[in-house]
Amino acid sequence: MIQVGVVGGTGYTGAELLRLLSGHEQAGIRVITSRAESGRPVSELYPNLRGHIDAAFSEPDVKVLSECDTVFFATPNGTAMTMARELLESDVKVIDLAADFRIKDIEDWQQWYGMEHACPDLVASAIYGLPEVNREQIKTARLVANPGCYPTAVQLGFMPLIENGLVDTGNLIADCKSGVSGAGRGASIGTLFCEAGDSLKAYAVQGHRHLPEITQGLTEATDDIIGLTFVPHLTPMIRGIHATLYARAKGDIVDLQGIYENRYVDEPFVDVLPPGSHPDTRAVRSANMCRMAVHQLPGSDMIVVLSVLDNLVKGAAGQAIQNFNLMSGLPETMGIAQPALLP
Amino acid sequence: MIQVGVVGGTGYTGAELLRLLSGHEQAGIRVITSRAESGRPVSELYPNLRGHIDAAFSEPDVKVLSECDTVFFATPNGTAMTMARELLESDVKVIDLAADFRIKDIEDWQQWYGMEHACPDLVASAIYGLPEVNREQIKTARLVANPGCYPTAVQLGFMPLIENGLVDTGNLIADCKSGVSGAGRGASIGTLFCEAGDSLKAYAVQGHRHLPEITQGLTEATDDIIGLTFVPHLTPMIRGIHATLYARAKGDIVDLQGIYENRYVDEPFVDVLPPGSHPDTRAVRSANMCRMAVHQLPGSDMIVVLSVLDNLVKGAAGQAIQNFNLMSGLPETMGIAQPALLP
Amino acid sequence: MIQVGVVGGTGYTGAELLRLLSGHEQAGIRVITSRAESGRPVSELYPNLRGHIDAAFSEPDVKVLSECDTVFFATPNGTAMTMARELLESDVKVIDLAADFRIKDIEDWQQWYGMEHACPDLVASAIYGLPEVNREQIKTARLVANPGCYPTAVQLGFMPLIENGLVDTGNLIADCKSGVSGAGRGASIGTLFCEAGDSLKAYAVQGHRHLPEITQGLTEATDDIIGLTFVPHLTPMIRGIHATLYARAKGDIVDLQGIYENRYVDEPFVDVLPPGSHPDTRAVRSANMCRMAVHQLPGSDMIVVLSVLDNLVKGAAGQAIQNFNLMSGLPETMGIAQPALLP
Amino acid sequence: MIQVGVVGGTGYTGAELLRLLSGHEQAGIRVITSRAESGRPVSELYPNLRGHIDAAFSEPDVKVLSECDTVFFATPNGTAMTMARELLESDVKVIDLAADFRIKDIEDWQQWYGMEHACPDLVASAIYGLPEVNREQIKTARLVANPGCYPTAVQLGFMPLIENGLVDTGNLIADCKSGVSGAGRGASIGTLFCEAGDSLKAYAVQGHRHLPEITQGLTEATDDIIGLTFVPHLTPMIRGIHATLYARAKGDIVDLQGIYENRYVDEPFVDVLPPGSHPDTRAVRSANMCRMAVHQLPGSDMIVVLSVLDNLVKGAAGQAIQNFNLMSGLPETMGIAQPALLP
């Protein structure tokens, strides 16, 4: 058994990580920390884990965490960077589900996240944990920056177009719709049932933190300049991201469907649907899976990609375990191969 | 009192029309027809109308309808065109909430709607009932084609840009999100609570009937060619449309906010929100109102317009009454001035 | 115009009061207070009121409020009692939508509400604002205690049985289901979309503050002892209360349906549905209406009453305006006669 | 591997069965039938099963089914009884998830289900598949009648009270709330998103088919007469049943909590929560688990039990697999031990 620790297990990402880890045959959960809930049984906060996780939350303590083989950070932005160095020096592998190590340009990161970075040197060595792009590097990584939910859906959806130089990379649009769990479990008026329910709105149109992350990822796949418009929307569902991606073909494209299928043919967690499909988010609910469909519009150079995932799974905790499996030399699909819950 | 008839009062559009008409001080509901529910009290099907509408549904009968001053068709596509001529010849004004008279190009219509048109000559004389564009013609119209829900949200949102020649009209995108009531009250698996709930999907990406309607409307506002990509999505809310519109500025635009505000300053049912706003659909739930916000993205020529309305009100029944008021010489806001229901 | 003030206009009850008052032809809103949002335009917080209410929130100030004819308190429990005396002495009528004046037994109130009462003497003079029971007293009241949402649904549902001595009053059960707006607009984890959505739970089974209020009301209608079990549930809808009431008939009851119909025949805001009906909460959404159905179970002495209302309207703001109309000598239905919103 | 067949795999119960069977290490799915969808890949109808189930639906054929070791019927009522005999005679074990074999009194069954029973003799030999009551008989059963969703929640909740003679069995009330998936996947107006969403209603107050099933089960646990009032409600959630049970204690009860805990201490799929708990349905979403809490009301002889389960899992497909495991000599928890999905 590989000993793992979870820092910040009270949010939705942490809870989902615990749900998945509890059924993972090679992961032993050694410690689950929460400053706010220290001493409280995990299953009291998350009754779905009764009978699956007996532990109580404990105060985060680097010494205790150092006894783990791998530590997951399911904490707010700015936490992992304060503890990562000590853990890495104790030979603990670190997977950060927040944004501390995602952006290589430190100044850019500091501007978007509004704080000073505590360990810029570690950012340089961190591997961006998108296995469909960085699998080999992840296998030997000590520090993995687990991608954001929107960035996973958008990058996977655009990647075959960008990598193959098929579209005008300066004119990309990602119109994204997210379930409310993406906003976390903090008490706030905007995500109350009566505020977010039976309604829909865009937000952060002037700029969202996931924009630089997506742009960085797409830029690494091409020599061209990436010009991306990214508009997120809050929608009345609990889980799920639907990215509707728009790009203009640079010329005739032969067998776009085949290009997508070939790109992901060996990927266990990307599913290219048959031509003409419209994936719905529930087709990936609770599953570590990104399903997508690609459409060329008749009489137009417009390509529309529909890419869906569960923001808490392939967009967070599931992908973190996928990275954990790769880093640990385990089968990549271990513990995250269950089908989605539908209806 | 103006005597009105409602043909096809059992769908959501019809029910909403009845709800609004029941409180309209100058409209007297003379007849409500439904082939399927003939003889059944309206308030049995729609208990919210108990105490407001005592009538029962009756078989549609042109003779009876001819005694009305105005007849609303809240029927499926293809019905109004079979009865309109006789009513018009009897001096009855007709407002069709379906699509029979919206598209001027008959062949185009026949292709999209999959049937032969019964009265192409009437299409030519019909007025497209978007008061913010065609108010004067509506006032004297005998036959009004009430716009679709998506087309209302998209046209109103794009109009200031198109009319003023501010954007590349060949590169327009309308990413639209609709509540489920837009699909009507027919029994179908796709709109069951357990199919459409807690999930989200695009549909009709290869082509939706509202595309030619929107294109026709935008084309009339410019000499340039309209190239529009329109992608509708089904979202888990009952009412509401959120159109997210993308256009590229042709040059520097001074005071885009002012351009929008000026365009709609005298419009009772279009509300341009302050700069930086993100309207949510519930802000127009049950109200005859289109609220919008316009964003210029930093460091980009991209303009994003967010336009919301209630698909059953400003997108259907409310706009029909707005047209009815105009056609009848009544104050335009009569009976449709109530604030939205929130939460 | 009657000048009214609204203290505490930022919660859902306050917002609903403002929505209804904005369309009331005899009420002029003079002042809307909120300590937290003082200075902010009301329509910025509630965009549905744009174009309907131009005022900004102001600091609560008894002097300003004293210039009103009637002041509504849409505040948390414990606020109205600190300002009511001064207003009453200034000849202002007071309607408290919270619980400060509902319970006649001061000790009981203090125990359930966990605070000392500031003006027990006023409680004695306050009229409980359930028009279907206390209409005549309300007409001349200076201080009205507007009933709670559950108590309105439960009392109206049980009243014909209790008043006519038809059931075993010691064995009453009210199994009640509430929409989430009943919990208010405060930021809390329990009412987040992802906590309250797609789920259902009972709460406060060991005792809820509305129990003594209901018991007091039922007790006044009979000489018998009231023994009531009240179990509230939180359900994933925004508005609505569904009370399922159980009582055992003491003997044969002839024409129970008729007894219910007769009891409420003259009531504009209580609707007894035909035999065999099952009202749904949406049939009263946004409307000042309590609809109910009464069932005698075959082969049993069990009577089941189904009673629904919109917790923010007949369960709060709408009933407050009904009381306001009565207190002001206006037609009882003024401003609150609109049909429910469906779907 | 045990070869299993699924008859009627297109409904929600069938789909859930397939989801669970696809991860069951000892069940090999040999055939999945559907008259309506014959020839269509299962994963086309249920995209969540892409990559998990490759088979297509086939016409139901007793010969093919006879090659299975066990056949599950996830069909409408009245189907299993027409095929069961032939299968049993071919030495195939049968688990019927519908109601054909649940009610021992054939006349009673015929009245409630409105058809003639095809094989009354088989009913006598069928075992009612509630493992917490009939475990030993299930282990050797050839034909199991899988319980209904409401009956499972209600019987498990009442059982400790009834078995121990603690309450007045003539005065039991079960006020039950169900998610919409309980109504199945058939196209019908009543379960449309816009009809069942954001609303709540009781139904079948005059009598529901699950009443005789519950009564039969409770009756077997006592010598006393069972008098049960059962009122089901349709609530706006996808999965979940919440049974709120009311019973009157016959005398003082010492340690009611302990009685419940002891009754279920060895049960892997019944979880008695700590005193004072209020289980929410999401705590069992997707899991084969019934969680419950028991409350004695202060100053009263009233006992309230809150019992929740997922109607498609412990209320249908999960329990069917639990029975399958028992009938097959497998560990009872195989394939159905995953934690619930939350949020």
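As written, the chains take the letters A, B, C and D, and residue 1 is the first residue of each chain.
The criterion applied here is as follows: contacts are C-beta pairs under 8 Å (C-beta built on N, C-alpha and C of every residue); 3 or more make two chains touch, one makes a residue touch a chain.
No experiment lies behind these values; they were computed from the predicted model shown.
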Result of counting contacting C-beta pairs for A-C and A-D, higher pair: A-D
Taking each chain's C-alpha mean as its centre, the one farthest from subunit C: A
Computed distance of Cα centres, subunit D from subunit A, in Å: 36
Rounded Å distance between subunit C and subunit D, as computed from the means of their C-alpha atoms: 39
Inter-chain centre distance, subunit A versus subunit C - centres from mean C-alpha coordinates, in Å: 45
Where subunit A touches two or more other chains, by residue: 12, 181, 194-195, 197-198, 236, 238-239, 279-280, 282, 285, 343
Residues of subunit A that touch subunit D when the two form their complex: 12, 15, 19, 22-23, 46-52, 181, 197-198, 238-239, 271, 273, 279-280, 282-287, 291, 338-343
Interface residues, subunit D side, partner subunit C - complex: 171, 173, 175, 177, 194-195, 197-203, 205-207, 227, 229, 231, 233, 235-240, 242, 244, 246, 248, 276, 278-282, 285, 295, 297-298, 300, 302, 304, 306, 308, 343
Complex interface listing, subunit C residues touching subunit A: 12, 180-181, 185-189, 191-198, 236, 238
